[in-house]
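The structure is given below, and queries will be raised subsequently.
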Amino acid sequence: MKIDRRWIYLAIGIVVFIPMLVYLGFPIRVTKEVRSVYERIDSLPPGTVVMVPMEYDPATMAELQPLAYAVLRHCFSKDLKVITTSLQIEGVTIIKEDLEMIAAEYGKKYGIDYVFLGYKPYPGIVILNMGENFRKPFPRDYYGNELDSLPMMKGVYNYSSCALILNINATSGVDYWINYANGRYKAPLAIGVTGVMVSDYYTFLSSGQIFGLIGGLKGAAEYEKLINHVDLACRAMDVQSIAHSVIVLFIVIGNIAFFATKKRKKSI
Amino acid sequence: MESPDLGIVLWYTFAAFLTLSIFSFLYKDNPFYRLAEHIVVGISAGYWIAILYHTSLQDLWIEPLTKNVLVLFTPGGPFLLECSRVLINIIPGVMGLLMFSRFFPGISWLSRWPIAFYLAITAGVNLPLYLQSFTVRQMQATMIPLEGSTWKIFCDVTIIVGTICGLAYFYFSKKHKGVLGGMAKLGIWILMIGFGSTFGYTVMSRISLLIGRFRFLIDWFNLVVNYIKA
Amino acid sequence: MKRELPLMIVLIFGTFMAFQYFVPHRISSDLYQEFNNWTIIIGIFAMVVGIGSLISLHYNRIKFKKPGWGYSTVTIVCLIGMMSIGLIGGTENDLFLKLYRHGLAPVTSTMFSLLAFFIASAAYRAFRARTILATLLLLAAVVVMLGRVPIGEILTGWLPRPLQFSEISNFLLYVPNTAAKRAIFIGVGLGVAAMSLKIILGIERTWLGGEGRK
């Protein structure tokens, strides 16, 4: 059944656009791998330092920004101290703005409650150096302050000063966090990745190299449900559900047409 | 409701124009799409240079070098130690500048030195760590004690057999016949399930990105309507 | 010197970095951090070289009035403009941030969102259960697609738990998918280690370019 692909594009456009106008509130089931991240962060006492490196850019922010918001809200609501970096060059500005926005919601002060180290190229090398001392690759933070001048950074030297690392990553740099931060420095690590990547990392979850895995917008929706803050991701799940159903329908129709054509050709 | 600023409305309209220009590619390639594409290539490259300079080059090279050179020219202090500090700062800068020799065919071979250094560091670091994390730890995780409920034992056996058969599929030094052939066949079945799972999640990922853009367009539309109403 | 010195650099520094992993001494650790920093600095210049190549490409198009040279002019103007604003005004400059937020961000996001349309079109046109393997792939994809979103819960929530899409997709991800990806990653680990060793020992020389093959 040959159809001009533009009709399919139009169908997808309509199917995604229309449900966005109404929030249906479909139920969201929380998975074990997301719950383990939530429970680990939730169990930390106030004042604990956690590291939340974020590596997404405008191309992937639709998937990972809701997760970043949910995680930062959780950390700030628990009065945890957050160290962030952004080792993806095109994401530096969005991540800085996201961090400032969520911190302002909770009245958090820069340098006391959170620190943004900024960007340096070659994430693998930076991750290795941070394992020795944050000050080596980052003598100053993003805003130009020397790290030692920030109250929060007193006594905080490397990964061993952080209770855990939750890396929100849209790039293959997540392998560096697993190999270097966890492999060499044994830092407790959880990852939040895009949907394209998530199925690859179940093997690291199984081996214990990561203690949690949050995948795509669905993972973000689960996290929003756990922190009782319905936002972008939960609202998007209705749209996802309908879009997925339509795509499955396309696959079924395509296959029915294929087998019908095959049968007709055989009978001829 | 407070009226949005005209400046904000114009900037958002510019962003919406670029968004719709890119979407127009779905109909067919056209000058609006090409214009948007070329604008973003230029802005992106300019952004990279600015960020690299302010967040990286200044911090890691220019400032330490300037500071150490000033200390060197200040009387007093251990001269050899100060010289060595300046040298430690100069070497990576010189190697970095050698990268520009690529633009001059006669001396482009000089760029091999910094490339050699970069390769040496990354290869040296990766050798033990990739072996440990990707190979040894994964093999360790496959050596699962078969205990617990029947379902758990079934899952563990599936993982062990699936991993071994998957590896057998990728072993191309021997023909896939007999026992190896059977293992490779089971391996490819397991791999197909893995790739199917990846495809399922990939669809979710792509739809999420589209949701993000449509959300922006809805916000832009609401902004324009509010401005006009005000 | 054109070949020998780079190969010596790779051998000496590569061996040091590989063995440094096992040497916890302070001097070893200090040298390791310093070499890592050098790599970052070299990397910054390498990225600038990349951007230089881009400028060179577009400049040649404008100079020789090749097809599309008008667009190349737009690229160069935007590049110089953004670079000047960022270098002179800093990365917190209002205009710099606005150009990023309303210029770069929407286009990059939209380009990637086009993939949603392409994947739907590909799913309809190419995803066929022609063979057993293709059927396995298709079934796994459909189960995960429906099981990982709320619609799976709605369609199969009334069934016994082991038959629900969400439980089946969990099983697929935790068991056969884990086995498959584990086999791939073990291979990747061995491959990276082999390639790293080949580079350090000078067996792999393609990075030297044409003259390196002599």
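A, B and C are the chain letters, set down in written order, and residue numbers restart from 1 in every chain.
By our rule, a contact is a pair of C-beta atoms (placed from the backbone, for glycine too) under 8 Å apart; a residue touches a chain by one contact, two chains touch by 3 or more.
All of these numbers come straight from a predicted model, not from anything done at the bench.
By the count of C-beta pairs in contact, the leading chain pair is B-C.
Seen from the C-alpha centroid of chain B, the farthest chain centroid is that of A.
If each chain is reduced to the centroid of its CA atoms, chain A and chain B end up 14 Å from each other. Chain C has its Cα centroid 4 Å from the Cα centroid of chain B. Under the contact definition stated at the top, the residues of chain A that touch 2 or more other chains are 9, 12, 16, 59-62, 90, 92, 120-121, 125, 128, 137, 184, 199-200, 203, 206, 218, 240, 243-244, 247.
Under the contact definition stated at the top, the residues of chain B that touch 2 or more other chains are 26, 44, 47-48, 51-52, 55-56, 60, 121-122, 125-126, 129-130, 133-134, 138, 141, 159, 194, 197-198, 201-204, 206-207, 209-210, 212-213.
Shared interface positions of chain C, i.e. residues touching 2 or more other chains, are given as 21, 36-37, 39-40, 43-44, 47, 91, 100-101, 104-106, 108-109, 111-113, 116-117, 119, 123, 138, 142, 144-145, 148-149, 173-174, 177-178, 181-182, 185.
Interface of chain B with chain C (complex): residues 11-12, 14-16, 18-19, 22-23, 25-26, 34-57, 60-61, 88, 91-93, 95-97, 99-100, 102-103, 109, 112-131, 133-136, 138-139, 141-142, 155, 158-167, 169-170, 187-204, 206-207, 209-210, 212-213, 216.
Chain B makes touch with chain A in their complex at residues 26-27, 44, 47-48, 51-52, 55-56, 59-60, 63-64, 121-122, 125-126, 129-130, 132-134, 137-138, 140-141, 159, 194, 197-198, 201-215, 218. Within the complex formed with chain B, the residues of chain C that make contact are 2, 5-7, 9-18, 20-22, 34-49, 51-52, 54-56, 68, 71-72, 74-87, 90-91, 96, 98-119, 123, 132-134, 136-145, 148-149, 169, 171-190, 192-193, 195-197, 199-200, 207-209, 211-212. Chain contact summary for the complex, chain A toward chain B: residues 6, 9, 12, 16-17, 20-21, 59-63, 89-90, 92, 118-121, 124-125, 128, 137-140, 142, 178-180, 182-184, 194-196, 198-200, 203, 206-209, 215-218, 232, 236, 239-240, 243-244, 247.
Across the interface of their complex, chain A is touched by residues 21, 29, 32-33, 36-37, 39-40, 43-44, 47, 91, 97, 100-101, 104-106, 108-109, 111-113, 116-117, 119-121, 123-125, 127-130, 138, 142, 144-146, 148-151, 153-154, 166, 170, 173-174, 177-178, 181-182, 185 of chain C.
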